[in-house]
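Labels A, B, C, D and E are assigned to the chains in the order they are written; within every chain, residues are numbered from 1.
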């Protein structure tokens, strides 16, 4: 536990750096927030007045100081595009992104890990090459392009998938928020109708993301399985006549999972970032599309809030990976 | 005994047809980048609104776009820019990230701490959004796109170079070099760097694909290369609105080209890794 | 096309099921609106506030103001075609006011407020509410105040609550725009008591009204998830017009235009707002959906040439550019024919209205000749356009770049993100800008005042300064009679045509696609959809 | 070499290997790694298989237990373990034999154990697979096995992971895994290479004791003639895929007959009084990928070479239990 | 730049009986990943603890002990690859311990102390040819270039019995014995006074080992180099070394003429060690078997004998009093309270 706390403390400098860098970046964005805020017919005076109101006329360090002070009080500022406090927006949208990303990751894992195992067990075989081509193709597809194609084919042409209207069909109402994950919340109250609706909405964007996640997961699974299968303790296990089931699952896979878990964490944080484009295509009310819109609109506060959220998520994620690694690997527990 | 690297490479290519295929594709892309502009049938910038949104035909192999430009010509001509951006950003991050990783892994201590913190900070950003923010803040010019793509790849290069360096820091040949009178920098650049070079080359090939995707993604969002310069990401973005209306070719061909290029670099990187990987070198 | 008609036959099963599932949970609704009473509208983006008077409100907030609040008056509705009802900008009809009377001396107008008018809170609407609301509009600053001023509504003292149901507006000056300006979306009426009670000390209850509807319009906002959706439900006690047929409106924000198109084409959405021209053209051609196409009053797509700075301060050069513009290519390539040509007109305006076709057309020889005459050597310059203009601005820019190259003008295209665009325009340094402008109040002098007048408002993008022009505009604005108005309008139109600081390209269409079952589409100056008249089934 | 049954085969032979040949297909050609190897090991007997690297001693063990990688295959001969033919056994049958009737331990014990599974479970896995024990019984028996190999506080150590144990401890765990099912044959492949000599002595003691107690046959594969001398009853010397000499340990050490055995002994520092007494072996191992391998693979390095050496090699039983594959033994 | 660097003939004033005089050298490493955040004091691994030894000119000193005894660290200390925590390292007349290891690379004495590494394959940069490897120190330390360099490389290779046609090969194209020769050629190229041999034959088959050992002997005779020879193989040490140092857990437990030490060890650990070495005659000294594992080298009790607890003859005294390295007849030393007692 002490180690974990230390790790957490160790990631603070990165967090501080992220806050500073984001602050500076959003301040040098070319847009003029005051002009935007003042509206099309504003006079120079009213723009100046708004600038003063927003504190944009003060020197940067002073602005930063007040930003940090607000941050300490949990105030991330206001979004100009939605007109809401950034914190409210992010809290409302984070579950959508997280649910989408997790599902994408799960789909990716469900396909990539078995593929990676097969490729490693049959190294150099046709299956190995095929696996390599498939996963590489997956990672080579630009997500924005995949998303568009999937919508076109599965919604517009085939009509198999529901309208890409966001998390739920327009006429359905979301389940009462517990976790914010519709699939979980709907399951909690046993509303399977809503569950199916939410799942149907989720599947295309999740597949789009999942395709992208295939390659890194399959690659690392294959590589670490290969390394493990070549390890001496596997030879010992074979020499002990253990069944191939025990051999592959208990001995090889569990060892091979160690680097896979680390990669999964990276892939997850990567997907959280990559889904900005997917959210855009699927009208997904997540934080990625929120950030992109804000960035395009030179709307600083949401961008800062988004980046901060992501950084915290990233740190928590690494912590979770550590925990999983500790659970899997006795050696990690002793450091 | 085909023990040389070249012999091994030949073996990998013949034993692994996928890598051979990727290599052929790669050569094709390079040729397109070099000679493309002088070979294409149409001026990639010339509009012809009378022939807008024509489906692929003998006249226009990949069809025409909204204002009648020949998509085939545009797609081919775009190769140079797209590969150029990717190559430049990869070269940039290779130089800086690779060196930082070397130094970090070799010296450890506070140097390692500082470089590690910088990497951590970059990693803590959602990378694509960071690239967007950099380009948005500095302006959407090609050098800035290159810079942004380089920056987001920095931690990856640091990590790979560092890990490889750490593995070799204690190697006998490092001590041997010290005994032979090399100082730290000499050992680092003269002994360790050449050894991690193959891995770094693999890394470069793999990140080329990612760099292309990233640049195209920026263009798709509207923060990339400026119109009317032919660039795959912009072309997909332009074509996106025509998919549902049935003019699929406007987005499909640049998208497919983009995919093929990324695919090619990824496969090539994989293949190179097999060549470099000592485990496959018996 | 065969493929699509086949697809159309597939029923939207996906939509039906969840709605049933949702109904039992909706405890508040006594009798939930049926599917035929519910409308699904998709649009690019939704409101960023519920208060159109507030600073920084986006275009869709007009729709909120329109549907959730009442004004004293509205424009008289008049049929446009079999799909669309438009309006007569010069005629008004009662909304919250059941009648009004202009004072005989012409210095004020007195409104009688509908006796049965109630707010959503159930309270009766009083003249004090109207006064508070209009006071707010002229005092709050930003767009609302500017718009009010455009109709000479500038001071709170102009608004007088005579008694509970009588309200008077005193005129500052004789302005033909005063009355119409009371019918636009800005001067809407709040439930002032409730607003003040919730204001938290702020005089104009800005924060509260931004997030809450506090009025008496035909619809209430049932749920508002910024950036995702806005759900409206009918106010059953609405008295300012016939009770709307629709009981519930779901307005979803779908940024991707192709998704919006797919939704409407597959029948999943009832109305789609803001599709690219290409999609509308296809939908019109396919003929399976209703498409409302109204040339946007007072509006044009234009290229502004910076008349204050070299090289475009040379009028010959501007004319050369106007002769070199690839008008037809732009209309086809960029707007897919969805617009009214603003070129090839007679050398003097055929009609005294705005917009009106300019006498230019694509004639490269004349352009070359004028270029030579101008004495300007070949040069490089920059053309700005708004990234938000999507599939229209960019092809237009590319075509212009290509078309001007033969004149020796090399153009670099500079796509500016929406938020920065206004800032860039404010700098007044951009040599060439593609933009679109249209005033709510459809008078030529209104457009010219904002765009050509030497007071150099932000919309005078070319920074055009010409005292003769200013005189003509001012004279027309406050012309005492028709004849002098006409003379001055003809004067500034001709001057504009000669000096061409703006090169008009086309008058755009406002296009809305809807299912065949949808009726009663109403077009207003603010261009936002009015749910009150819509029918379904 | 003829297919003669080795003379040393005792009545109670556990493993009989005859004419056993193995090839590896590599890119650079076919490696003839083992050529008509023949030996037997009797119950309770410890036989050492001695040779330099590349002589094929480990390949012999791997091939016998079906642990060769995909490139290797048995091209001929027979190997019978307690009467069961191993060369023709199916992979499943071999898997059932491995760990049950024939077990193997390896060098570098720490790497040879699963790093993330505690040692008790690793022993238990074998017991559950081959002895049909349930989880609980296997765990209990695993502790007994740890006790049997002399690990102090076995109940606690059963929960330990390999990284928490010393190299010597790990090798004892390996031995426990190997002998848990009381196999008839234990193959120890360089079991103490990499261990310190003091640890080596302890580990070898344990192996010897267990072999004595259970009567299992042991094949000790080592490059260390001295270790073989101390710990085996019989030594078979391998060179380039051939067994060149096979004799009781004392006989072999005192009266080596094959020129290679003599050379090997002369190069071993253990016995030498001073450095000048040591003699190297000239030349190198022949390239086993060659198609024209001479019948005697030592011939090119041999100073006793005769024209007769060109003839196919044959075993010569010089005296009972002492075989040599040489036309001109010393 | 080449002038200052590289080996000059051993200066006359350095002519003394001792080439190397190490006194009370210790090396401790902090363990555990501790940063400024944890704030707790470091534990230390006592890798080398209070070691003193001397090496005469032309002498070959053996260094034996089991893994973890500190041989490797001691080697790195004397080769000046790492800095001692305390103590003195005198080389000739110079005190080297004060020169930081990272500066020693350009020190004039760098050429005088060379190493032959344990794993010759790993110690040659895989991207360099044999010629590159041998040339490297000559170029760096003696500033040789061009033909002179080539000539010197070939000379060193010839001295080490390395056929010149192999010089163009990469390490993985060489056999183990050939690689060992490259490693030795590289080390003797700059004509060092002291050659540290760190298990140079550990990875080799006996037949090859013989040739390398014989090469080392002939080089010692022809070049007059002093050797520090590290090995776990007592037989080899016995054959090659004049004197031997036995280490246990970072400390010297016994020093003396090699044959005397192995024939009649004074220290109980040496006795156990010698007894554990397998013998060709098959005679086992089971009675002297050492059981158990060494103690942890982390923060050991400074007042207890390191061997205490594993020692067959130890008493309570050994747990409270660290035995000094005492002198015995025949130039022998041992660190045991009971060194005089005959083996049980």
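Here is the rule we go by: a residue touches a chain if its C-beta (ideal position, glycine included) is under 8 Å from a C-beta of that chain, and two chains touch if they have at least 3 such contacts.
Predicted model, so just to flag it, every value in this text is computed and none were measured.
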Touching chain sets, computed without chain B: one piece
Neighbouring chains shared between chain A and chain C, ordered by label: B
Contact-richer chain pair [B-C vs D-E]: D-E
Interchain centroid distance [CA atoms averaged], chain B/chain D, Å: 52
Distance from the mean Cα position of chain B to that of chain A, given in whole angstrom: 23
Intercentroid distance (Cα basis), chain E paired with chain A, Å: 54
Chain C residues counted as touching two or more neighbouring chains: 256, 258-259, 262, 265, 387, 417
Multi-partner residues of chain A (each touching 2 or more other chains): 30, 148, 152, 156, 296, 298
Sites on chain D at which at least two other chains make contact: none
Contact set on chain D toward chain E in their complex: 52-53, 166-169, 196-202, 205, 223-227, 229-231, 249-250, 253, 263-265, 267-272, 274-275, 278-281, 284
In the complex with chain A, residue positions of chain B that touch it: 15-18, 117-118, 120-121, 123-130, 132-134, 136-139, 209, 213, 216-217, 220-223, 233, 236-237, 240, 243-244, 248, 251, 255, 258-260, 262-263, 266-267, 270, 279
Chain B contact footprint on chain A (complex, rising order): 11, 13-15, 17-18, 21-22, 25-26, 28-30, 124, 129, 132-133, 136-137, 139-145, 148-149, 152, 156, 215, 219, 226-227, 230, 269-270, 272-274, 276-277, 288, 291-292, 295-296, 298, 303, 306-307, 310-311, 314-315
Interfacial residue positions of chain C with respect to chain B in the complex: 256-259, 261-262, 265, 276, 278-279, 282, 326, 328-329, 332-334, 387, 390-391, 394-395, 397-399, 401-402, 412-415, 417
Residues of chain E that touch chain D when the two form their complex: 66-67, 175, 205-211, 213-214, 217, 232-236, 238-240, 272-273, 275-282, 284, 286, 289-291, 293
